[in-house]
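See the structures that follow.
Below, subunit A partners subunit B and then partners subunit C, in two separate complexes.
This part shows the complex of A and B:
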């Protein structure tokens, strides 16, 4: 009989498996990387006229829209982490893991580790696409590092929500059901226009209170403005809040799913 | 000390009856215990409780000397399990499964490589282990599953319907390995199955479960001896004489289930009755198309205890949502 391995080893083993599994599914990776980049180019081409609106920041719409990619990446993180875990539940692989000394925390953190690695990979592609498309990062190299930090926190938060849904329902279809909800939330935010330029009252009100808007504004500020500590602070606070909420939901769902004694 | 000791173990679910209803059983170290029953009888629920994956509603169970409720982690350290439908990740290779499982069991890298290689050799999977599981056959998945279950040198091995869906060759290979584990390494094996021949071939003792309760337990030989009498099944050459055949056979024993084209009885005096039956049928002018003499089987034991045959008596009522 062997002892229970340290949490770090468990997380490493589960995370390694999660990354490897993801990288071996081109049908999952390619859309998650390509779709946000395609959306970036389509949206920025279609809404370029917004640049001439009074009150629109004095940057190209492409720079303004680059944040779309990171937010869509976060949505894919939600779906990806949750769908993989739901598949494990459906196939019985979770029972295999549960029969080892693996802790529940090891499972959740390991899965999230996989989501983080994939999130960073996605962000690298998005940044490269942005730079190739002519975008500049106003906050410089330091700003890029902060964008990565934000991406990591968002991958954990949104990934944890996906994991919570998977643990609660045990169904890949149910996890995929989060996708349209997240996309609706994304489009009911400041993703396409600054808050002041949203003409419809109800839309502006939703975008004002929508937590996604704060995340968008924080990342966008690094791209188009430079360093805006107050915007960044609020953005990180919201991201951390989503992370805490997601992890708490995942922990509660884990107790209901992992019934082992 | 018994390897498995169960008292009044019960598991109730919200929907449906109790999946496991107060069972008692004891399995000695190094023994192969066959847990036989139709689908939904409570076999898998029992395995889930004994492997700590599902808390019992009531009752106690000690596995490898540890309480499954109070000492789940130590139970998991002492057992290996291959549950239904070899649950493997089709995107990982066989070796990657071995390394993941070994790491989660806290084994050193060198031990994982040594023990993993030895087990993959033993189940004939060394060559295939560098390929992704998605391309494996059902038999290959089962063999890898068995190797994974044994990786951390468990004292008690749970196999939940390990040969379901396997071809005869794969099934025989798995039987050989399970028998060797018990014989050569002293591993206790708790084997659930709905295949009578599997329990008969492998198990030192058999427990028959139906609707959550154990209806019979003992060695296959003792259980069959309990039924005692052989049966005979005869098909007449002319279908029109079936009623006459049934009437004649009724003098020699109790009617039991038979194909529509024939009649069968449990022989009152055992095989000694066969010759008188043939003479009686000859005297009646009933020509025999086919005559089959059967020694008692575990299915007969099941029939005797439940009034139904094991084959085809499965239902899915018992195992449902948790309570």
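This part shows the complex of A and C:
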């Protein structure tokens, strides 16, 4: 009415561009899919000795470790969405976009479209690799659907964090710097061993409060235990919290970026 | 004489520029420092229970066992991060101007490598201080420990040559995963969590021939003053440096043409 296209139209246009751009970058896609799968096999082989520890909750470390892939996929969503936007900033595309009636919300939500589509694609590969590797999903087909739902929420949340970093710094290199930090956060969680088998007090404390641990425990419970509603509820609550925080950070960073532009 | 001086001053100029950019930019420096430090915390703290697995007999304990891995990983990734810087320089157009301005272009490559070593030295010093506070036990003689640090620092060259080869070929930050993922996987196909003797199956077969295994085994042996594959580790640095040197030089030629 006021000359601005409808938000849905803006989101659709930016989202479609984001999806196409993501899918057209094999150098980005292939490592993001292959790396977590390789790390699953490598880590589960390297840590197989853990199965002999008293109290280890699964007969197979491979099943226990399958969750690593989904979490690493979320980390790639952070780096991927942010790097694409940083490239737009560095190339001046965002500046030109700022001259159009495009709304900030349309830009951020649309940009996340690529992260979500890619997250679902990744999850499909990870599940397939897990099943081929001999893993079983204790919660069955319903559990798989819940894993997908979790993956989508995580892709939005972590992707938004990457976008916020890109808008804040305008540097693809700085966004890539988030990759190791997120990776370390992953390692400071229950990703490798359950809380009961972490003997160092300070580490157990960090792993207990680390939001990543809740995400891991939720997905892992579906794989090795079955349905644990309380674990799932907490996991989803944390994922939604990260999503809200990420989108809020992205919105604030966008406002700052557009003011500077 | 003038030719050599021009080459040296180009190397120094590029290296000092990269180092200044790093030190002046918290968004670049902080992840470089945090990654290995938090990684050390995660491995040494989170997996300490593995020291109770039958057959784990590293005399300096699990913290020191993991310190060696993190030292090498920090150094090598200091090199990989320099590949990011080169890719960024191409995206911004700076590297193009550099190619026009520097007549002896191998100086560009060496300048980035030297800046990567400076970056690695800063990170390694930081990690070592944190590890000492966390209970790192240096059992080996000062010479052994010095050799460990020299080996780790030189392994940085392998990381930077690999990443520069990618950065100069593709000239975009979008290939950053290609710079770090293969190196990351190679690192984890070595005995990271437990000693080589406790690995079994396919990963043991790969670890037996993985060059990183020789670096880690040599480093862990030097840390406690025991015999290890130290000579083989130096060979890994030498041969790896030659192969990856050719890889990055051909990438430089590709950048010149592109």
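Quick note on the criterion: the second predicted complex is superposed on the first by the 254 of 261 C-alpha atoms of A that agree within 3 Å, B and C clash if a C-alpha of one lies under 4 Å from a C-alpha of the other, contacts with A are read in each partner's own complex, and residues count from 1 in each chain.
Operating definition for what follows: a contact is a pair of C-beta atoms (placed from the backbone, for glycine too) under 8 Å apart; a residue touches a chain by one contact, two chains touch by 3 or more.
Keep in mind that what you see is a predicted model, and the values were worked out from it rather than measured.
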- [ ] State whether subunit B and subunit C clash or fit side by side on subunit A once the two structures are superposed.
- [x] fit
Open item on the list: On the A-aligned overlay, A:52 touches which partner chain: subunit B = first, subunit C = second, or both, or neither?
Closed with: second
TODO: May I ask you to decide whether A:120 touches subunit B, subunit C, both, or neither, giving the answer as first, second, both or neither?
DONE: neither
TODO: Please indicate which partner A:92 is in contact with in the superposed arrangement: first for subunit B, second for subunit C, both, or neither.
DONE: first
- [ ] Check whether A:83 is in contact with subunit B, with subunit C, with both or with neither, and answer first, second, both or neither.
- [x] second
TODO: Give one of first, second, both or neither to describe whether A:25 is in contact with subunit B, with subunit C, with both, or with none.
DONE: both
- [ ] Once the structures are superposed on A, label A:231 by its partner contacts, choosing first (subunit B), second (subunit C), both or neither.
- [x] neither
TODO: Once the structures are superposed on A, label A:245 by its partner contacts, choosing first (subunit B), second (subunit C), both or neither.
DONE: neither
- [ ] Could you look at A:9 and tell me whether it touches subunit B, subunit C, both or neither (first, second, both, neither)?
- [x] first
Open item on the list: Once both structures sit on chain A, report the angle subunit B, subunit A, subunit C from C-alpha centres, rounded to the nearest 10 degrees.
Closed with: 80
Open item on the list: With both structures fitted on chain A, tell me whether subunit B or subunit C touches more of subunit A's residues.
Closed with: C
Open item on the list: What does the superposition give for the shortest Cα distance from subunit B to subunit C, in Å?
Closed with: 11
TODO: Find the residues of subunit A that appear in the contact set with subunit B and again in the contact set with subunit C.
DONE: 25
TODO: Would you mind writing out the residues of subunit C in touch with subunit A in their complex?
DONE: 25, 27-28, 30-32, 34-35, 38-39, 41-43, 45-50, 52-54, 77, 81, 84-85, 87-88, 91-92, 170, 172-178, 180-181, 184-185, 188-189, 191-194, 198-203
Task: Residues of subunit A defined as touching subunit B within the complex - done: 1-5, 9-10, 12-14, 16-17, 20-21, 24-25, 88, 91-93, 95-102, 106, 259-261
Open item on the list: Under the definition above, what is the set of subunit B residues touching subunit A in their complex?
Closed with: 51-55, 68-70, 72-73, 75-81, 83-85, 87-89, 91-92, 96, 99-101, 103-107, 132, 148, 152-153, 322
TODO: In the complex, go through subunit A and note every residue touching subunit C.
DONE: 25, 27-28, 31-32, 34-35, 38-39, 42-43, 45-50, 52-53, 76, 79, 83, 86-87, 90, 169, 171-174, 176-181, 183-185, 187-188, 192-193, 197-200, 202-203, 207
